[in-house]
Amino acid sequence: MTLVPEAYVVPLTLFSPLVFGVLAWLFDRDWVRETLGVIGAAVPLTVLSLAYEKASSGTISYTIDTGVFKLHFVLNSLSWYFAFIGALVGIAMAFGLSSTSRRGYDWLFSLMSFTGVMGVFLARDFVSLFLFWELMTFGSFMMVLRRNRHESLKYFVLSVIGAYSMLLAIGMVYAKTGTLDYAMASQTLLLLTKMGGVSKAYVDTIFALFLLAFGVKAGVVPLHVWAPGAYGENDQSYTSFFSGVLSKAGVYGFIITLFVMPSLYGIYFAMGTFHGHLTGTYLIAWAGAVTVVVASFLAVLQEDIRKLLAYSSVGQVGYIILALGVFNGVAVGGAMFHVLSHAMFKGLFWLISAALILRTGKTRFEDFGGLAEKMPVTFAMALIAVLSLAGIPPMAGFASKWLIYEGAIQAHMPLVAGTIFLGSALAFAYVVRFLYAVWFGQRPSDLDDVREAPLPLLVGMTVLAIPNIVFGIAPGLAVRLINRFFNTNITVNSYYSISTPTGTYNALSVTLVLIVGLAIAGLVYIYGANARKIKVTNTYQSGNPVTEEYNLVIRRNFYRPLAEALDFWLKYSWDRFYERLANLSEDFADWLREGFYNGNVQSYSWYLAIILLILAIWGVL
Amino acid sequence: MNGQYASLLVALPLISAFFVPLIKGLGGRAIKYYLTLITALQAGVAAWVFKTVYTTGKPIIVMAGGWRPPVGIDLYIGHFAALFVLIVALVSFFMAIFSFDSVSTEPTDKYAMLFLLLMLGATGMIATGDIFNLFVFMEITSITAYALTAYNKTGEAAEAAMKYIVLGGIGSSFFLIGITLIYGSTGTLNMAQLAQLAGSINPTVIKVGLSLLVFGLAVEAELFPLNAWAPDAYQAAPHPVTAMFSAFVVKAGLYALARLVYLFSHAAGWDFILKLLVIMATLTVFAAEFSALRQRDVKRMIAYSSISQVGLIALALSVGSQLGVQAGVFHMINHAVVKTLLFLTVGYVGVKVGGTGIENFSGLGRKMPLTAFALTVGALAAVGIPLFNIFWSKVWIIIASIEQGYAWEAGVVLAASVVEAVYYLRLIHTMWFGGWDGMRIRESLPLGTIALFLVLLILAIGVYPNPFWTLAKSAGTDIFNVSRYIANVPLMGVGP
Amino acid sequence: MSVPHIGLYYFGALSLVLVGIYGVLVKKNLLKILISLSIVETGVNLLLISVGYITGRSAPILSEGIGPKQAVDPIPQALVLTAIVIGVATTAMALSVAITLYEKYGTLNIEEIRRLRG
Amino acid sequence: MDERKDFGENDGVIHYELQEFKLFEPLFKWARKKSLWIVAFCTGCGGIEMPPLATARYDFERFGIMPNPAPRMADLFLITGYVTPKTLKRIIITYEMMQDPKYLLAHGSCPINGGVYWDSYNVVKQLDKYIPIDVAIAGCMPRPEAVMDGIMEIMRKIETGEADGWKRYRENYEYYRRNQDKLFGEGWREKEAKRWLAWI
Amino acid sequence: MFDWRLILDAIGILIYALIVGFIFMGIERKAMARIQRRIGPPIYQPIIDTLKLLGKKESVSHGFVYNFGPVFALGVSITALLFIPIANFQLFSSNADLIVVAYLLEVPMLGIMLGAMSSGNPYSALGVQRGLLTMVAMQLPYGLAIIALVQHWGTFKLSQLVALQQLQGWSITVPALALAFIVFDIVFQALLGLEPFDIITAPAEISMGPMVEYGGKHAALLFTQHAVQLFAETAFFAVLFFGGASNLLDLFLKQLLVLFIAIFVASIYPRFTIDQAAKFFWKWPTIIGIIAVLLTV
């Protein structure tokens, strides 16, 4: 830790992205802006990796006294873990942005949300959490505002409702405990619950408000409405950060309410139990389960690549919430690991979609096709991302999902575990749909001159692809880090093998046997006659001759039968519900204004008379 | 330079107002230069007073005619008064510069006179230590406000002025009834002595008296049912005047309200008054925000937003805890800065593009980039985005109100500020990403510098609020801590 | 201060105020409203004067026969002076606004003067 | 242009070279004999004779024969009945799609010499000019027994190596190609495909 | 470090599984034939078919992924096989557990899908769509059955599962797990792609579904994959519900039992359309699964 003195670790990680973002916005020259932006994203990564051993053993704390509040930040192993994931996806986003967006505006607000997220992870007291939460929301909102006003307003209103419910909860905690720091607030809150100073309803409202606040950002089902719009109508390489890391801020919020405020854990016992599980966490588990199912079903039926990835991201974060709700050691360990793997493969997915949209300019599945030959490297990255998201053994996605399976089934929450099975099958389905529609089959004529993705974007992709494979083959690495801040009873036998009380998974042996199996299959393949390549049109159409004009591919309504099977449920949509609510409130506003300020002096003086009447009555009593 | 020079604060505008007709002969521009000069001088005096009060820590007591307080009328310039008189002076100085090219209707000498009297009225209301003197200064402010609202000589301006007169007239008459009742039972008009005697007055008289006082001031401070005149007055008045209305005229009313309410904290039935004020304040925020939602006229929209922020300040002041009052004062400062910037920029767009309808604002980012940038910063600050100044005060107000048990009211206020975010961000979107008719307008230098100064001030407070927070804290204790107020005023031991 | 029939004056003043308020609330013509406003002001002034009255004492004009002990409490009298001046100023202002209103709207019925609303 | 030209280019020669298995050739020959998969493409009136073969009475599955819809996997191609030019186009395309050791069994007299439709304008009189035939079964729609006998004949020919229709097609592909183009005209595949495009 | 005994075991089991797998496919066709009172092909017919396909003189390909698909499918099937405790050979099952094997048994579907999709044939695209939908439909009951099982025995390790069942009797004997057995058996039908749920390769409708463009050695690869998969799945079924086996013969008999149940069901039922299959899976098997799961919690 010689290179970066300890006192500068936290401020550097916190404020360097914002500072460089402002610089990039000011010096809006072509390559100056990109270098500044990438440096801004690289600084947190380097500083954090240098501060690894100091942060994982002890803690680095840092306070800013702004007079009005004391903002207190601490870098311990938990916040280091989240911050490092954020920084990693951040550097990938920076590389992606340098090729997909040519505007200082994007750099300023993406790096502002980067600072916001870092602040949220490192915050140790409520007000700094709230401040950086608002900053993060504002930054990401401005990125969406430029492209689509309606979606951005929907996103902003929902996140501001979340933020303000958090402020209400903070106010209620402060009212009872008088402090804003996590630890002290939780200690006093615990004492109060013990001595009965705080009613159960009070604790329930605090919990509900926190659940609402963090649920909005994590995209739990009733509150996920903003996700497809906000993730879709955005510069895709920024969305890799937006959906990869900003949703983790919501997850981190859940962790705060569940773990970081230890005594709040005690409070949960005050909230009573529901046949064996804490009601609070049981609610979170079911919220996660519903999110997984609903979001995955919606993802499967989407026609637009951005919408599919957005709903899939909501679904995957639903897994994490579910695992947190299950609340036993293994499941929470699985949740933390899934935070890492989701950030990796979802970030990778969004960068791939950025490359696709950048090169082809199209976003709907029916316009894509046969890009595997034209963009081979991006295709390889897409395969890695697909394998990881679908949870195929050698990839990180599988390891984390495996832990979540184990945890959920062990904790005797059968129906919740059932939803995981359904969710992972749906994930498999929409991922294969993405592969089929974009990469294989007949290539539309206007995509023939598509070139490979630009170099910076490819570098960004590799930055995210490598951890997918590394943590896939060596899950022990990540679990050892997670065990440092949570006592998940997952034992790490070696780098490659992790085992829980009821099962074990040796990633290396699975990979080796897989390679051996592939070798055997390869041998059988080589033995046969060497295959010759034939054109796409030389295909069996019950004997009819086929030319290029024929459409040999099913890219639209790929899962039409599933939509027919589900048409009972698809009638209801949360989106229309919120739209009606918004119009209702705007009409109420119109009615109120027309009614109250109706321009007639007489009615105004009647209002005065009414108030006088009230005062007179009160005065006489 | 002992304390007595502080009386210049009141004397200077008064005398210079009456010199204006003499200068009328030299032509319109000369009057405006004269006006700027006077407001600059006033700002200098206010700054000197501010320095002395904050360095010595003791308030300046100016005794009219050398008589000791209960007999003579005294100006009590404590921490709050010093701070706010400086804000009044500065804002008037900026508006004087702004009125160079925004006020064109011909009797500019009348305009200058009214301008100075308005500033005088507001300064007086803040500085006075005597309730009848407060009534007189309130009347001066109101009458000049009526005149200035009607200044544009259009039908709407006259209509707005008429509404303001009718409602303001009723309000001030009942305020006077309140004063008579208080005077009848205590025999004194001096605030400090009133605070001492507050406990001993018989309950019904003090209840009716205090409620009427509060009613009178509530009309001036635009609380919910009584602020029907405000949006029309703001919209119809000339642009610099609207900025002055929202920056300090309303604040003076609010300060007087808070001062009187906390003076009578020992009186019977006091907490009902506080509860009533809290409810009225919450309703103000709620009604004003929702009415601003689908506004076609940006100036009226910002008027509603100013009314709602004033409601928020009223909530903070009437929460009844020291923290609440301090947060309220801090919000007063922030609100003054932000609203001046907003009305300045909107007014300037109204003058240059002709009309403040929302269609004139589309594509403003490319038409008048500096004004658009200032307006955006002002709007974002008003919404309460972190790194801007209102964020800090809003957080404290919410926490203070929840601490006093008003969680539901805090909830309603937060819901309303979500609505505020919606209409401000719609404005920002139309400005930066709306259609653009191609021609770029040159922006004037002085106003640009004022706007930039205010933007820098907003960002300074937003990034490092410590100095301003300590100012607000001391000003807040000055209002809340009545016993210190009584100790500071040298009372002659006379009276019943 | 507590004078038996003083209640009469208070009652008179308050009734004047109530009459004025009634006028503002009910009448449609703007001038009638302004007149009722000034009625309210006179009512308030009357109340202010009657508060300072002490029975059996003469007006507070210091001459040889009347000293501070024989005179009524002078302060409300002084206050009333300023209050009257303020009343005059407000009414004058209101009337000038009414003139411009009549010019622009062609009517004084406040039902029609409603361009600024919503 | 990828160097290994795609099959069916009209330069008269098939370029790709076949795989010659040395070691396991006898085993593969036996396997080819014992598992013949029939392309599910009943070209003419004899198609109705096919299902009885699969029923309990004749059951050609005993000999490892299985109907298989995809030409890529199939070996045996049954031409069941008269062949019109329209069907012949499909037959040629399916035949070329089948992978190499493939055998052709022509049913009835029509593929041999036009049979009953000897003077019809729309029937291919001699199928042999366009597609090499391994075994032809007589009879105006041979009964299932005759078809079984034909299949036995093909299996015997595979055994002895005589079933070399696919080799003949490769060697003098140019002859077959010329006949086909003479019948249908040059580039008939594109013209045929374009004709149906309007309906798809 | 390599313990040669394990590797020899693995190779032996692999060959054994390949042969027995082909025999199972043969038995399947033979039993279907016998039910239809036909003689049916010899038991080793699939071996002959695979040899013939391998022996094809030419081979056609639509690009790298088209070739990689079947190879990946066979590779993963072999991996899945080697992680199941076959009779007394533990193979690699100490390194993985129930969830890993369950996942590995489903991944070959991705391999076949990869190849089929890149072949650019509409029929194969339809086959892929139906294959995925079947998998999505059957995943919920499949999961519920596994959850019921694990909640009863409390462990995921297959070897431990087998040991427990040796001690306390097979899973079938436990009432709740009998329900799970029924659910798992219905799902097993879809896993194998047999009659009621063989919508994937519906021969009449979409000509062999995904495998339409496969010929020659690719088809041979797919056949071997199907054989290994068949053996692995029946072994997995036996391990879960019939308490594994002490020796190969015992395992073979249990696998036959499972296979015959599947064959009898397959030879009777007509084919479900895909949304009927989805609706069916989400109704009856899921309800039974939920009952089973609630009984064991």
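Every chain is named by a letter (A, B, C, D and E) in the order it is written, and numbering of its residues begins at 1.
Just so it is clear, a contact is a pair of C-beta atoms (placed from the backbone, for glycine too) under 8 Å apart; a residue touches a chain by one contact, two chains touch by 3 or more.
Keep in mind it's a predicted model, so treat the numbers as computed, not measured.
**Student:** Through how few touching steps can chain B be joined to chain E?
**Tutor:** Steps on the shortest route: 2.
**Student:** Return the chains common to the contact lists of chain B and chain C.
**Tutor:** Common neighbours, chain B/chain C: A.
**Student:** Measuring between mean CA coordinates, which chain is farthest from chain D?
**Tutor:** It is C whose centre lies farthest from that of chain D.
**Student:** Computing the C-alpha centre of each chain, which chain sits at the greatest distance from chain E?
**Tutor:** C
**Student:** Of the pairs A-C and A-D, which shows more C-beta pairs in contact?
**Tutor:** Of A-C and A-D, more C-beta pairs in contact link A-D.
**Student:** Please identify the chain lying most centrally, where each chain is represented by the average of its Cα atoms.
**Tutor:** A
**Student:** Could you give the separation in Å between the centres of chain D and chain E, each centre being the mean of its C-alpha atoms?
**Tutor:** Inter-chain centre distance comes to 35 Å.
**Student:** Could you grab the centroid distance between chain B and chain D? Build each centroid from C-alpha atoms only and quote it in angstrom.
**Tutor:** The computed centroid separation for chain B versus chain D comes out at 97 Å.
**Student:** As a quick test, compute the distance in whole Å between the mean CA positions of chain C and chain E.
**Tutor:** 99
**Student:** Two-or-more-chain contact residues of chain B, please, as numbers and ranges.
**Tutor:** In chain B, 162-163, 166, 170, 231-232, 291 touch at least two other chains.
**Student:** If I count partner chains per residue in chain C, which residues reach a count of at least 2?
**Tutor:** Correct list: 21, 24, 33, 113-118.
**Student:** Got the chain A residues that touch at least 2 other chains?
**Tutor:** 528-530, 532-534, 540, 542, 593, 597, 599, 601, 605, 612, in rising order.
**Student:** What is the complete set of touching chain pairs?
**Tutor:** So, checking each combination of chains, I get A-B, A-C, A-D, A-E, B-C, D-E as the touching pairs.
**Student:** Which residues of chain C touch chain B once you look at their complex with the stated criterion?
**Tutor:** 1, 17, 20-21, 24, 30, 33-34, 37, 40-41, 43-44, 47-48, 51, 75-76, 79, 82-83, 86, 89-90, 93-94, 96-98, 100-101, 104-105, 113-118
**Student:** Within their complex, state which residues of chain D touch chain E.
**Tutor:** Listed in rising order, the residues of chain D that touch chain E are 16, 18-21, 24, 27-28, 30-32, 34-35, 37, 40, 55-56, 59, 61-64, 66, 68-73, 75, 99-101.
**Student:** Note which residues of chain A are touching chain C in the complex, please.
**Tutor:** 593-594, 597-602, 605-606, 609, 612
**Student:** Touching residues of chain A toward chain E in the complex: what are they?
**Tutor:** 300, 370, 372-373, 390-393, 398, 402, 405-406, 409, 412, 414-415, 417-418, 420-422, 424-426, 428-429, 432-433, 435-436, 440-442, 497, 500, 502-506, 509-510, 513-522, 524-525, 527-534, 536, 539-542, 552-554, 558-559, 561-562, 564-565
**Student:** Touching chain B in the complex: which residues of chain A?
**Tutor:** By the definition above, chain A touches chain B via 65-69, 127, 130-132, 134-135, 138, 141, 145-146, 149, 152-153, 156-157, 160-161, 164-165, 167-168, 170-172, 174-175, 585-586, 588-590, 592-593, 596-597, 599, 601, 603-605, 607-608, 610-612, 614-616, 618-620.
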